[in-house]
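Some structures to go through are shown next.
Next come two complexes, and both contain subunit A; in the first it sits with subunit B, in the second with subunit C.
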Partner chain A sequence: MNAFAGFVRKEAFHILRDRQTFWILLLMPLVQVLIFGYAVRTDVRDVRIAIVDPTPSTATRALVQRFASSSRFQLMGVYPTMQSLDDGFRSGVLRQAVVLPRDADRLLRGQATLPIQLITDGADPNTGSVMQSYATAIIQRWHAESVVRAGSLRIDLATRMRYNPTLESVNLFVPGLIALVLTIVSAMMTAISITREKETGTMEMLLVSPLHPWAIVAGKVAPYVAMGFANVLLVLGAAWGVFGMPLRGSLVLLLAECLLYILNALALGIVISTSAQTQRTAMIAALAGLLLPTLMLSGFIFPLESLPTPLRLFTNIVPARWFLLIVRGIMVKGAGLATLWQETLILVGMTLALLVLGARRLAIRLD
Partner chain B sequence: MSAFAIETHGLTRRFGEFVAVRDLTFHVAQGEVFGFLGANGAGKTTAMRMLIGLLEPSDGSAQVAGYDIATDSEAVRRNIGYMSQKFSLYDDLTVQENITLYGGIYGLSNAQIAERTHALLGRIGLEHARKELVRRIPLGWKQQLALSVALLHEPKIVFLDEPTGGVDPITRRRFWELIYETAAAGTTVLVTTHYLDEAEYCDRLSIMVEGAIAAMGTPGEVKREFGVTSLDELFLQLTRPGAA
Partner chain C sequence: MRVILFLMRKEFLQVFRDKATVFQIFFIPVVQLLVLSNAATFDIKRTSLAVVDEDRTTVSTGLTQRLEGGGRFRVVREQPTTAGVEFALLDREVSAVLRIPHGFEADLVRERHASLQLQVNAEEGASAGIILTAAQAVLADYTRELGMTMGAAGVVRGPVLTIATQGWFNPSRNYKHYMVPAILVSLTTIIGLLLTAQNIAREKELGTLDQLNVTPITKGQFITAKLLPFWLLSLMIFTIGLLIGKFVFGIPTRGSIPLVYLATAVYLVVALGIGLFISTFTNTQQQTMFVAFFVMLIYLLMSGLFTPVDSMPRWAQWAAEVNPVKHFAVILRAVLVKGAGWEVVARPILILAVGGVGILTLAVRKYSKQAH
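Up next, the complex of A and B:
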């Protein structure tokens, strides 16, 4: 074990002496949490809205009041006609508009339907649909309370976003961010550090030595396990400390699952490094082959439900997809292993398969 | 236990249709300095890589330090040293850290490592640079250091793959003195090169052409056999038959 310890020490030297890379790897996740937390928000606030009301009345003023007092909306004005809306939308002053019919008050009292037009800026479809649902909710509530008709049935629909009632995006991106960071630190850095030894020729020296190939690989990845774990703690710490993200489940289980995902990423890195001959190839393979699927096909950025069927089937072999389910389950829903055992088992299976694949290709050694 | 340090029978390596090494049969006595000559792509490096276990032979067998390379590669590994044509120490570690790392890998004790570090750095005159990063020391010294590190665990056989590439003549001479000292201490040396003046330093040599051995013996023997006065001439005759 003396030989192995010396080998791990040497690998730690490599990481610690490359100061720039070290600090980038350590601080990048933190910066990403802050950027995602402050800049990339899918929860919507201060939507600039206008209301067109040709015939103001007590009832319609109540609707205006509801929009004005909501923190989601910023009321830009109440206009008698639709004339100014086009310019407002085009210049971006307006994101949304509610258009009431003439004599809304009378229609509300009568038996006829009340046609209301809701116009939303759909340039960004994601926030567009969120804005739409917020506005719809306000209008429905107003309608429910202002229509007082004896004998008629009134539906009181109470909606609630479970686990994330205020739709905080921090709950969505932190699990994805952990997956992303671990893919970079564990998979990409492992692949690069192994191929670097191939490039410089030191790998040959190691393979010719009595060190078992597995000891070489284990020694090379060990420091990256530590690094990945430090990153997980940093990201979780920032999510909790800065953004108040909840942890409803078990911290121990969460960290254990993160460790499992780190091993999975390392195994991927090993597999890449067994086929890539240069650091550049390894990096491109890791970026295109791992980073993009982790970003796009894991449910991190795009909802899995919105993907076309072939792609949705493909996501089943993206480890991050299962990891995201697990982390969201633990952090946001407070789920335990009893509910998450299937996802965990899939990750374990993937990791083992990758390790076996890596070992078999490693056994062929160098050509 | 074979009487020879290295013994091969019909060693062959194919890459698809291409035969890189064809039916290689030769032996190297213990303590011998054996030269592997040939043009680029003649199969020298491929042959060496099979002997040290980096490449599986397609056919044939070989014994290195008395152990079969196919069935007993662990034992082979413990008994050989290797210096590749790429510079193979860690640039971002110090001289001492490199030595300690390889000493540890070959299972030397800390006391052994300290003692041998002292001896080897003294021999190549690099004591003062013990704590320098390898990146900062001149190439000539790096090569000597790499050889010394390959010899650190006192292997029975050391394999040197074009060890003097890109080194100035004085350093090359110094390097060969180190090789002689090593052989005198009983270590067998197998060295590939395409410097023909270096071939003259070898006890015995073989010239490979297109994957097969075209000539083998002491420098004097092969010159007599082909009726030439210099290895240069022989080399040209063998590698470019039309020109001779």
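Up next, the complex of A and C:
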């Protein structure tokens, strides 16, 4: 045990000695969360919209007014014809346009149909469908209110947005960022630090020491667990203090789950480092191999429900996906272990599997 | 010139000798492009819904049927009381709960006005909005239908609203047309930037950089020789990706391909130049990697590749103006999907060119041949 403690100390010195790397590792995740928390939003706002109204009237002006006063839209102009739309869309000045029919006012008082065209810049279908649904909602409300007359049927829909009533992106983003940053930083840290010993040849020296190879790996990983945990504390502190993110569940549970996830990412790093011979292969695997999948298959940006079935099944083996559910569950929804035990168990299982895989590969390498 | 060629040959040999790296730099982009291109959509196919039907009448069951039949909802729970619903929402068994209160039909018949309650799991902001709109659409249709059957004589009905939606440039609303270029940009950037940054850091760590420094090679020659091989490699990766996009995902190539390559050539100089610049002030590969990760994540997430630039606050939109990834993504999407020509992309290409010259000048100046 004494030898092990000495080894951990050596590793800790390695990290602390290189001041530059130490500060980068400690502060980088915090800075990222601060920047992205302010800058990156998945919701759609300020949609630049134009309205084509060949025959302006009080009723159509009410619609224009609705768009103008909505925070989701930015009204770029009301035009009598569709001619000016083409240029606007191509150059990107316009993202959306509502085209009203001729004599909308008369149609509104009649019994026939009121055909409205909604044109969206389809080059980005993702925001496109969100923009479309927002605009449709405004038009429908306008229509409903314009035609409400005595005797017509009306069903109101009282809506409650649960857990995140203001639809704040930050609440969605911070857990995702924690997962992303922890995955990459932890996996990369271990992978690089182990392959560096291989590359410089010092790994062999360590392996001939009386320490069990497992103790060597554990010793290399231990300081990084502390580092990852410090990152979690800083990031959570920023999320809570700067962005006012709620913490509805138990803090102890949250920290324990974070610790579990750090272990998971570090184990992944060990597996990568056992199959990589050089720092270059280790880092390409850790960074290029993990960055986009963690970003796109964890539910961080794109909702998992929307994935094609084979891909949705595949996301089950992405640890970040489970971690994201846990963090959001605890912070935003105030869930406890009663609801999150499955996710937790899966993460524990994955971590153990990765550790066993790493151990077996490590053993092979020793022969 | 000969010096540069020799140095380049050395770089190529070093990369291609390492089979694991060669495998990675071609395998990772291809697999990720093939897999991830399917992943990037906000479109939710069917939302799982719980219906709490306290009314138990023809009208209320009719509504449940319309919700189920509309294709946007999947009614996974239907029950007369709210028991267990709260937990189902918390446990993500359902994404939304619709409560039809007791007396719903009676109210509609008697007062011609009734209300419903919808609770949506708003953990994910954008999808919550879409769920709500889908519910409203079903409800609007159902109200109109009921109005026909229940409409008493002499009741004035308004016109039927029809909203025809069109997506310009991408009428089938195929999100892959939008996302394949984005993923291609990300992958090319990640691999190219990493390889370049790691390369010099490795020479520093091994001490071979000092050996190069004592040779009569000039700084300019050195930077060129370090840049060109990875520039060619990245161009190869980009080409493979473009072919996959074209033949596997059928992304349109409406604009001019030479224009795409011109933009790519300029962009890669900027991206790799950033990698070079990073490696001039870091000491170890580990440091280089973390700084590169930091820079890349900022560039990628703030470029509008994955989230809309328009939703970002003003300062971030300004910051996006100096983000090469953003400009390259704009060019690719405009030329490939919208068929835009030189007049639209001249400005972003010019910005990229200025950025490329700037970052290379910085890298050459910062790189010192003196030993540390």
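Following the convention adopted for this analysis, the second predicted complex is superposed on the first by the 344 of 367 C-alpha atoms of A that agree within 3 Å, B and C clash if a C-alpha of one lies under 4 Å from a C-alpha of the other, contacts with A are read in each partner's own complex, and residues count from 1 in each chain.
In this section, contacts are C-beta pairs under 8 Å (C-beta built on N, C-alpha and C of every residue); 3 or more make two chains touch, one makes a residue touch a chain.
Being a predicted model, the structure only gives us computed values, none of them experimental.
Enquirer: Using the touch definition from the top, say if A:207 reaches subunit B (first), subunit C (second), both or neither.
Expert: So A:207 only meets subunit B here.
Enquirer: Taking the superposition on A as described, I'd like to know which of subunit B and subunit C A:2 touches: first, second, both or neither.
Expert: Touch partner of A:2: subunit B, not subunit C.
Enquirer: Which of the two partners, first being subunit B and second being subunit C, lies in contact with A:237: first, second, both, or neither?
Expert: Neither subunit B nor subunit C is touched by A:237.
Enquirer: Would you sort A:129 into first (subunit B), second (subunit C), both or neither based on which partner it touches?
Expert: second
Enquirer: Looking at subunit A, does subunit B or subunit C touch a larger number of its residues?
Expert: Here the partner covering more residues of subunit A is C.
Enquirer: Quick one: classify A:185 as touching subunit B (first), subunit C (second), both or neither.
Expert: The second partner, subunit C, only.
Enquirer: In the superposed arrangement, which partner chain does A:10 touch: subunit B (first), subunit C (second), both, or neither?
Expert: first
Enquirer: Figure out whether A:196 sits in contact with subunit B (first) or subunit C (second), or with both, or with neither.
Expert: second
Enquirer: Mind working out whether A:18 is in touch with subunit B, subunit C, both or neither, as first, second, both or neither?
Expert: After superposing on A, A:18 lies in contact with both subunit B and subunit C.
Enquirer: Return the residues of subunit A at which the contacts from subunit B and from subunit C coincide.
Expert: In subunit A, positions 18 sit in both the subunit B and subunit C interfaces.
Enquirer: Tell me, which parts of subunit A touch subunit C in their complex?
Expert: Those residues of subunit A that touch subunit C are 18, 20-21, 24-25, 28, 31-32, 35-36, 38-48, 89-92, 95, 107-108, 110-130, 132-134, 136-137, 139-140, 143-144, 146-165, 167-169, 171-172, 180, 184-185, 188-189, 192-193, 196, 276-281, 283-285, 287-289, 291-293, 295-297, 299, 301-303, 305-308, 311, 314, 325, 328-329, 332-333, 335, 339.
Enquirer: State the interface residues of subunit A toward subunit B in the complex, per the touch definition above.
Expert: Subunit A residues touching subunit B: 2-3, 5-7, 10, 13-14, 17-18, 200-202, 204-211, 365-367.
Enquirer: Mind pulling up the subunit B residues that touch subunit A in the complex?
Expert: Going through subunit B, the ones touching subunit A are 52-55, 74, 77-78, 80, 82, 84-93, 97, 100-102, 104-107.
Enquirer: In their shared complex, at which residues does subunit C touch subunit A?
Expert: 18, 20-21, 24-25, 28-29, 32, 35-36, 38-47, 87, 89-92, 95, 108, 112-130, 132-137, 139-140, 142-143, 146-147, 150-152, 154-171, 173-175, 177-179, 183, 186-187, 190-191, 194-195, 198, 202, 282-287, 289-294, 296-298, 301-302, 306-308, 310-313, 315-316, 319, 330, 333-334, 337-338, 340, 344
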